[in-house]
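Note that the chains are named A, B and C in the order they appear, and that numbering of residues resets to 1 at the start of each chain.
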Amino acid sequence: MRLSNSRTALISIVLLAPAATAQSPKKLPDGQPNMQGTYTRAGVKGLEANPPFNPIDPGEKNPLSVSNREDGLGPYPRIFGQGGNVLRGGQQRVERRLGIVFPEDRKLPWRPDEDAKRRQFLLEMNPAKDLKHVELNSRCALPGLFEGEDGNNPYTILQPPGKVVIVYDYNHTSREIDLNRREHFGKNIRLFMGDSLGHWEGSTLVVDTTNFNGHVAYSREIPYLSEDLHTIERFTMVDENTIEYEVTIDDPKLFTGPWKVAGSFSRVAQGVESLEFACAEGSQTLQNIFGLPAATR
Amino acid sequence: MIYSKLWIVLLMLGAASVPAAAHHAFAAEFDVNKPVKVNGTLTRFELTNPHAWLYVDVKELDGTVTNWRFELGAPNALIRLGWRTDTIKPGTDVEITGFRAKAGGPVGNGRSIKLADGRELFSGGSAPTADR
Amino acid sequence: MRTCRAGPSVQRRLMRKFQFRIPLQLFPFVFASLWFFTASASAQSPAALPRTADGKPNLNGIWQVLNTAAWDIQDHGGELGIPPGLGVVEGGEIPYQSQALAKKEQNRAKRVTADPAEANCFLPGVPRATYMPYPFEIVQTSDNIAIRYEFAHALRMIPVNGSKHAEGLPSTWMGDSRGHWEGDTLVVDVANFNDETWFDHAGNFHSDALHVVERYTMTSPNHILYEATIEDSKVFTRPWKMSMPLYRHVDKNAKLLEYECVFYLQEERYKNAPFK
C-alpha cells in the first residue's frame, strides 16, 4: 500500500503528537481545569545579573569548566544532556519567558550582608569546607523549588479531587498542593518541599508555599534560601500542550523584596512514561569528595 | 520500536545545543588538576541514577590490574534512546579520559570514551546496534 | 445513623405493636436502630464505600499499617527497640529454597549495618514500602495511581491504562507497576526488581526474579485489605502471600510529611568531614 507524502507526514505528526487529545475533558469532576499529564520543564532557573564567582562551576575563563563548550567536552559526553529533546520527541521547544523576569535587569534585591555571606559560602564549596558546604542537589536532597537540576526528567501532574499532586521523575520527588485547606502548618513543621496551599483563579492555579526548612537552594550561585522563604506560583495552561509558569520568590531574611522567575512545562510525546530515578542508592558523590566515613569502611 | 527511530531522525535534524545538565557540582567532586587517561577492558556498564558508571580493568606498568570506575551522566535520557547495560559488552577495549575524584582512588569522571577503532562512544543520538 | 424522635402517640402505638415493654427512655434509640438496620438490610454492603466519579472505590487518602511487619514479617517476640508481633505471612512459613534460607540467616546476623532500608536509607522496595512504620498516600486518578511514601519520599507510579510492563529496562528498586481493576479490587502487577531490597529488618530477601501481585480491596470507608503474592523462582520453592489491613489516617488535615532518611544519615556519617 503506497501512502502519499502528505499522509505519511500526517501519520508522523500523529505518532509524535503529545498525549493530549480533544477528548480530554476541560474540567474534572471536582471542577478543576484539567492539567493532568506528563511534561518536561524549560526555564524557571536563570542567572542573576553579575553572578558571583563560583568555584564549583568556574565559568568560561576556566578551560576545564563544565560550562566551556569550545572543546565540545563537558564533564560527561554530550549525549547525557539530551534528555529534554528525547522527551519532546523532536518538537522544537517553544521560546517563552524564561529565567528571572523581575526585576527586569536581573539584579536581585539582596540584603548586602546576606549577599556577602553567600559569596563567602560559595568560596568554601570547593574544596568543600564541610558537609554543609556540599551542594544540596548532589546530596540527593529533595529539590524544594522547580529551579533545580532535574536532568531533564519529566513531571507528571495528577489531580484527584481537591488536590494537585506533582510527581517528578527526578529523585522520585513529589509534592501535594492542597486545594481545600486554608491554613499553613505551624512554624515547627519544616519541609524541604514546604507546605503548599492552592486555589484556582479561572484557569490559573495559584499556589502559596511556606514552611520551608532552610535546606533549599535556588541555583548554584544561590546555594541556600532561608526558612522564611515564601513562594507564590502560578500555573496557567495556555494551550493543550503548554503550561506557563511563574514563581515569586519572597525571602525577607535574604532579600529586601520579592523577585520572579518564569518558565514553562511542555507535554511530552506520546508513549513517554516515568522512569525510576533512585538517587541516593547509586550516589558516590560524598565519598568522592570526602572519602568513606568511618561507619562504612 | 518506531518511536525511537523517529526520535533519532529528529534529534539529528534539530537538536539545539543543550548544556550538559550536570547532576551536581562536578568540580567539587573531581580534581581538575588531576587529569587521567586510561586504556583498559570494560568489565561492567551500569545504568544507575544519578550517574551511569563504566568499570574498566586497567593494566598498570608493573602488570597488576586495577579496576577503575568512571562516572558518567544521568542515564535516563540514554535509556529513553534505547541504551541498555548490554549495549557495550564486557571485554570491549576502551580509552577513557577524565579527572580523578578528589578523595583519590581509581575513580574518575568519564569525559570522553573511545573504542579501539577510534569511534567516540556516547556521541550519537542512538544506541549503537553493532555491538548488540 | 439517623436518629429520629418519634412523638409520644407513635411510641404508644409501637409499644402496643411490640408486645414486650421497651423503657421509654430507650425508645428513640431502639427506633433509630431499627431504622438503621432496616435501611441497611436492603443495601449491598453495611456502609457504602466512597467512590470516584468513574465508579471505582475511592482509595485517595493517607494510609498506614498497624502491625510490626517492618521488623519481621513472621511471628516474632520483642527485643530492645523491636516490638513483638504476629506475622503477616499466610500459613506462617516462607518457603525458602534450602541454600536461600542460609542467606536469610546471614542477612539477619548483620542486619544492623546491612539492612538496605533501616541501616542505609535506601528505597524499601515492594511490598516492604507498604508496611514500613510510616504513612503513605494513594493518589488515584482514572489513568494513573501514584503512591507517595513518607519514608525516604519513596514513590510508585501505577498506570491503570491497560499498558504492559516495559520491556528491557534496567531493573529498579520499587519495581515496574501496572494496575487494573477487578470489580472493586485494585490489582497491581509489579516486576523488574533489582535484588537489593529486603522484605523486612529480619533479613528476608529476594532476587531479581521477584514478581509481586498486590490486591487493594476496600473493606470499609477507612480500611483496605492489602494482599501481596510473592513469586521468586531463584529463592522460593513456591509463591507465598502476605496480607494485612491498611488503616486510613482520619486526623483532620492529615498530610504526608517528610522522613528524609538519607539526609539525616549523611548528617551523621559526615559530621566530622573532611576527615583528614
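In this text, a residue touches a chain if its C-beta (ideal position, glycine included) is under 8 Å from a C-beta of that chain, and two chains touch if they have at least 3 such contacts.
What you see is a predicted model; the values in this text were computed from it and never measured.
Chemist: More C-beta contacts across B-C or across A-C?
Modeler: A-C
Chemist: Measuring from the mean of all protein Cα atoms shown, which chain centre lies nearest?
Modeler: A
Chemist: Roughly how many whole angstrom separate the Cα centroids of chain A and chain B?
Modeler: Roughly 26 Å separates the two chain centres.
Chemist: Centre to centre, by mean C-alpha position, how many angstrom separate chain B and chain C?
Modeler: About 40 Å separates the centre of chain B from that of chain C.
Chemist: Could you give the separation in Å between the centres of chain A and chain C, each centre being the mean of its C-alpha atoms?
Modeler: Centre separation, chain A to chain C: 31 Å.
Chemist: Among the residues of chain B, which ones contact at least 2 other chains?
Modeler: Touching at least two other chains: 48, 75, 79.
Chemist: For chain C, which residues are shared contacts with two or more other chains?
Modeler: 169
Chemist: What positions in chain A touch 2 or more of the other chains?
Modeler: 127-128, 140, 171, 275-276, 278, 281, 289-291
Chemist: Please give the residue numbers of chain B that touch chain C in the complex, ascending.
Modeler: So the residues of chain B in touch with chain C come to 47-48, 75, 79, 84-85.
Chemist: Spell out the residues on chain C that touch chain B in their complex, using ranges where they run on.
Modeler: Those in contact with chain B are residues 168-170.
Chemist: Hey, which residues of chain B end up touching chain A in the complex?
Modeler: Of all residues in chain B, those touching chain A are 2-3, 6-7, 9-11, 13-30, 32, 46, 48-52, 71-81, 98-99, 101-104, 107, 109-113, 120-125.
Chemist: Over in the complex, which chain A residues touch chain C? Could you list them?
Modeler: 28-29, 36, 127-128, 130-131, 139-142, 156, 158-161, 163, 165, 167, 171-174, 176, 178, 181, 185, 189, 191-193, 195, 215, 273-276, 278, 280-281, 286, 289-291, 293-296
Chemist: Show which residues of chain C lie in contact with chain A when the two form their complex.
Modeler: 52-53, 60, 121-123, 137, 139-141, 143-144, 146, 148, 152-155, 157, 159, 163, 166, 169, 172-174, 196, 253, 255-258, 260, 262-263, 266-271, 273-275
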